[in-house]
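What follows is subunit A paired twice: with subunit B in the first complex and subunit C in the second.
Moving on, here comes the complex of A and B:
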C-alpha cells in the first residue's frame, strides 16, 4: 500500500486511482496476445525471510485463476507485487504483457481491484467515490454502478465507513467493475462476509464473466465457491507454488482410497499391494475404525485396478475429493511436524513415509 | 428447471458433466418436454454460481448431441425431435456408457448383481419405466424403447 498511499489519502481508493489515464496502455494491450496476467519466477524476500519463492503462473484470457494458501503462505506479498504496490526481489509480474512495476499507473486503469482491506476514505459515500473514480476511466459505466448498488442493496449516500463489511466489499466491487476492466483482481474478497453477501458477490462475478468475458485472478479461503468458479488453481505453501493446475485435472488425480481393515491387514497382499499403492503416490494416510484411508496424488483408473487386484478381496474403494479436502491434504501439515522457521520449506505434500502404508 | 439441478463438488464428475447429465435426465424423463426453453447460460451460471464457461460447455455438448437446439434470438430449448442415431452408433454409445458405469461400479466395490439392481432403480426413478420391467435383467434385449433417451431410431 506504500506506493499509492499518498493518493489514497487524497481522495479515492488507491487501487482505483492512477496518475494518468491509460489510453496508451489500452491500445498496446489490445494488440498483443499476451495473457492478462503472468508471474515469472517471482521471489519476494524480507531480510532473510523468503515470502514468495520463484513463483511462475499465468491467467488465460477469459479464465478464472484462484490462488490458494494458508495465512502466511505468501499470497499477500504476491498480490501486492501484481498490483505494483511492491517490487519483487526478483522476477516479474506482467499484466497484458507489460511489466506491472514499470507501467503500474497505466495498467491499473485496465484492472479492477477488490483489495483485502477496503481502502476508501470512510467519509465518502458510494456515489461520491464513483464521482471521484469516474474521470480516471474512459469507459466508466455509471448506470451499471447504480444498478449494482441496487442489487447489493447498498445505500448510495451513506458514508463508506458506516456501511457493513459486506456492503463495503460490494461497493468496492461495483467501483472496480464500473471502470470496464478486462482483468479483475480480487484479494480474498469475501473474507468476513455472511453467506448471503458472499453469494451476492459471486453471482455478480459470474454475471460479469458471462456478459463481458472478463479475466479474473482471485485469492480466497472460500473453497466451495472457488471450486465452482475457478478453472485453474494455484496453491502456495511456504512461498512456493505447490500446485498450478487445471482444477478438473487436479480433482481427477487427487483421490481418496479406502482400504477396509481386512484388506489393510491382509499379510498375503504384501509387496504387490504396497507397490501398487506407491504407484498412486500416497500423500496422506489416516487410520480409521474400519481400516485405512489414503489420499493419493497420482490416481488413474489403471493404477487403481492394479491396487484393487492386489489387495485381499479387492476391497479397495475410491472416491473424489472436494477442493477443500484437496487443500487440506496438501497443506494441512501436522503442526508438530512443521519445519522450524529458518529451515528450508518442508517436503510439499507430506508424503507418507516409513513403513508400509497398510500398517494399521 | 433449476430445481432439477444439483451440483455436487464431491462428485467425481466435473461440473460440466453433472450439468450435461442433469439436462439429459430431465429431457429423457419428460420433465423437460420438447420446445421447452432452458435457462440462458448466464442465468443458469448465476443460479448455480458456477463459471458460465462450464455451463456453456455443457450446453454445447448437449446441442452437438441434438438434445438441445439454439434458435437465434430465442435462446436455447429442448430439441423438437429427439436425437437420431444410426443403429450402429446407438449400440456404440450404449456400450461406451455401460463401460463407464461398470468402471464406476467396480471402483465402488459393487458386485454385478448390485450394479444391475442400481440400474433397475435408476430406471424406475425416471418414472416412466414400467414397474418390475425386464430392466432388472441385465441381459434382456432393449425391448422397452423410451422417449427421448438418446436412443431412438427411425424418427426424423
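Moving on, here comes the complex of A and C:
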C-alpha cells in the first residue's frame, strides 16, 4: 500500500498521520507502475460548502483501501469524482494512471462499481441488465453472473425495482464482477442490509479477492467487516483526510493505555509521567471509576516502558483497539461542536483539558 | 457506436408497454362511429380523422413524457450513474436515451395510426381533408423537438436549483425579444411567407438549440444534476438569445429599407403637380412582402408608409398637390384603419394621425382640392370630415347601391358616382353632388353603363368605363360627361382589347391590344385624338399599364406575354 502522504500531511493534523506518508508514494513513483487508483489534492465544493478538502490518497495494485467517515464526511462526493461522474472543483482522480474525467468510458471497462444506492433501471430484470452489459464488456462472464444470481437466490427475470435491497445489492455486485474488473469501487455497499446479507456480501468480496487479486476501493460503515479485508485505511472528517495508513500500522500506532487511579494520583512522578505520555501523543481521554483511559496516537514499546516507569507502581497497561474504536476515537466528536475545517479534528487529550492528563 | 446501439435497444425494450398502448389506441377509432352514430357513408372519414388526431395526441404526449423522464428521472433518482459507471461514452448515453425516446414517440404514433391506415388502404388516410398529409409530416418532424423540449423542462423542474430563476428570466427575455421582433414585422406588414420554410427554419433552430443544451447537460454534467442544469441553462439561454438576436437582426434588415430596396414597382401614384409620388412593390430578401413609400424624386426624400388593414395601398392627393391622405392599419392584427395626413409642401413634415377611423375594409377616400376636407366611403355610406380636426361634416347612405365612388369638385362639395344594378340594362351610374353644408346629395345625371374598370378624370367631369369583349360583342371604352350624362366618345376596334384611363394631367391614355401588337395612345379628356401625339408600340400580347410620375414623364408598366398570369398576380399582391 502506498500513499501520496505529503499532500495528506498538509491537509491533516500531523500527529494523526502515518509517519510513512510520502515514503510510500515515493516508492510507488519509483516503481514506475501507475497505481490502480490515485487521488491528488482533490477538492469538491457545493457553493460555499466544501465537501472534500484537498484529499490525496492512492490504492496499490491488488490492495484493499477502505475509506471511512461519518455521514456527510465527503465519501460519496469523492467516489463520484473517482468514477468520473462528477467533476472535482480542484485536483485529479486517476485510474491506472489516466485522468478519470477525461477517460471515463475507457477506464470503466476495467472498473466494477457498486454504488451506495442500487441504481440499475428498475424495470429491467437482472438478465436484461446482463444482456445490456454483455455488449459493453469484452470479457463479460455470463456463467459467473448466473452463478452469483443462483448463489444469492436472486430471481433473474424479476424487475430490479421489485427485488429486495439485499438482492439488488447482489445483482449490482454480480454485474460489477462479471465485467472482469481490475478495480472494484464499492460505495457503502452494505447500506441498509441485514447482518446476514452484510456478511454474505463481504464474503463474496473476500472470495473474489482470493480468486482474482482485484484491487478494491471501499467506503463503508461496516467497520468489523472492513477490518477483516482492508489493508489500508483512510478516514475522512469534514472533507479532510485525517488518516491514510496501512491498517496494521494504524492499529499498532493507536493504542489504549489504562492508568489506575492510584497510579494517576502519584504526584511525585507527575512531570516525568506527563512528558512520557506526551511522547505517545494522547488523542482522547476517558475518566473511569478505576482511573483514566487514554488513546494514544504514537505508540511504541520503548515510549510506553518509559511511561510505565514514570507512573507510580508501574500500573499502566496497554491494549489494542479495533478499527471501530480507532474510528470513534478519531472522529467520534460531537459534529455540532466540531472544530472549523482548518483546525485539528481531534485535539490531544492533555491540550483539550488544558492540564495534566492525570487529573481526574 | 456499439454502446449507442446497446442503449437504444435497452431503452426501447424498457418501453415496450408504451408501444403496446399505441397499438391499443390505434383500435379506438374503430369504436368512434359506434359512439357518435355517424351515417355509414361518413364512417371511413370519421374513423380516419379520429385516428389521425389520436395518433398525433398520443405521440405528442408520449414525446413530452419520454423527453421529461428518459434522462431527467434517472438523474433525479440517482440512476444515471448506472450508465456512467459502464464503458459507455457520454454521447452514447445521451444519444441512446434521447434517440430511444424519439423512436418510441414515433413508433407510438405510427402504431396508433397503423390500424386505420391498413383499413383505409393508405391513400384515403393520407388525403384526409381535415388533416392534410403535410401536417402529418410536420408533426413527425416536430416530435424530436418535443422530446428535447420535454427533456429540458424536466431537468429544469426536477433539479430545483436556483438556475430555475435564471431559466425563467432567460425564457422571458427570449420571448420578449421574439415578441418585439414579431410585433415590428407585423407593424410593417411583413408577411411571414413562405410560411413552411420559415416554420421549418425556426423549428430546426429551436431543435438545434435544445439538442446542444441536452448534449451539454449530459456530456458535461454527467450525474451532477446541478452542474448539468447549469450547463443546460447556459447553453439554451445562449442559443436562445443568439437566435432571438439573429431573428431581430434579420427582421431589422427586412424592415429598414429604402425605395432602392424594391425589386419590383407594382404601384405608382403621383401627386398633382411636380413633387411627390407614392410607390411600392416587392422588397428584396427571402420574405415575400411589399412596402410603400412617398418619394420626392427631386430631393430624393422619402417616407415609408403602411397600408390599410385589408387590400391594396391607396392614397388620395389634394388637387393642389400639397396634401396626401391615406389609410393605415390601426395596429398590428387590427381590422380597423386610421387616416394619416402628410403635408407634402412642408420640408421635414412627418405623417400625422388624424382622428378619422374606418372599420370597413377597402374604404374609398378622397381629399378636397386644398386638403381641408376628406370624404370616406364605407360600402354605401359617404362621410365628409374636416381633415384637421376630424369633425364629421356630412354623411349619407345610398341604400341598395352596389358601389359608391367620391371625388371632390370643390373644397366642400363632393361628386358621387353611385353604381346601381338594373335588371334591364345590367347597371347604371347615378351622378350626385353632395355639399358638406347640405343634408342631402343632389342627383345630376344618370349614365346607362356598367361600372366596369372605371376611371374618373382629375376634374371629376368625365368618366371612362371599360367594357371587355363578351361573346360576340366588341370591347369598348366609353367616355361620358358627368354633368349631363352624355356619351362623348366610344373607343375600340373590332378584334382588339381596348382599355382607357385618365392620367393625373387630365389626358386619356388608350391601350389597344390587337393580334399585331399593343399600342398606347394619348387622347384629350373627351376621348379625341391629340394632334401630333405619338403612338407607343409594344410586342403583341403585351399588357400595358400607363402611369404618370410627373406631367413630363409617362411611366409605363409592361407585362410581357412570357410572364405567367400567376406571376403577374403575385407581383401585384406582393
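Operating definition for what follows: the second predicted complex is superposed on the first by the 309 of 360 C-alpha atoms of A that agree within 3 Å, B and C clash if a C-alpha of one lies under 4 Å from a C-alpha of the other, contacts with A are read in each partner's own complex, and residues count from 1 in each chain.
By our rule, a residue touches a chain if its C-beta (ideal position, glycine included) is under 8 Å from a C-beta of that chain, and two chains touch if they have at least 3 such contacts.
Everything numeric in this text was worked out from a predicted model, so none of it was measured.
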item	value
Subunit A as common anchor, with subunit B and subunit C clashing or fitting	fit
Which superposed partner A:202 touches (first subunit B, second subunit C, both, neither)	first
Contacts of A:72 with subunit B and subunit C, given as first, second, both or neither	neither
Partner chain in contact with A:155 - subunit B first, subunit C second, else both or neither	neither
Partner chain(s) touched by A:332 [first = subunit B, second = subunit C, both, neither]	neither
Which superposed partner A:117 touches (first subunit B, second subunit C, both, neither)	second
Partner chain in contact with A:87 - subunit B first, subunit C second, else both or neither	second
Partner chain(s) touched by A:323 [first = subunit B, second = subunit C, both, neither]	first
Touching partner for A:64 - first (subunit B), second (subunit C), both, neither	first
Touching partner for A:135 - first (subunit B), second (subunit C), both, neither	second
Superposition-derived minimum Cα distance between subunit C and subunit B (Å)	25
List of subunit A residues in touch with subunit C within their complex	46, 80, 83-87, 104-106, 108-109, 111, 113, 115, 117, 119-124, 128, 131-133, 135-137
Residues of subunit B that touch subunit A when the two form their complex	7, 9-12, 14-15, 41-42, 45-46, 48-54, 103, 106-109
Of all residues in subunit C, those that touch subunit A in their complex	2-3, 5-7, 9-10, 13-14, 74, 78-82, 84-90, 92, 222-224, 226-227
Parts of subunit A lying in touch with subunit B, wherever the complex brings them together	62, 64, 199, 202-203, 206-207, 209-211, 224-225, 227-231, 248, 251, 301, 304-305, 308, 314-323
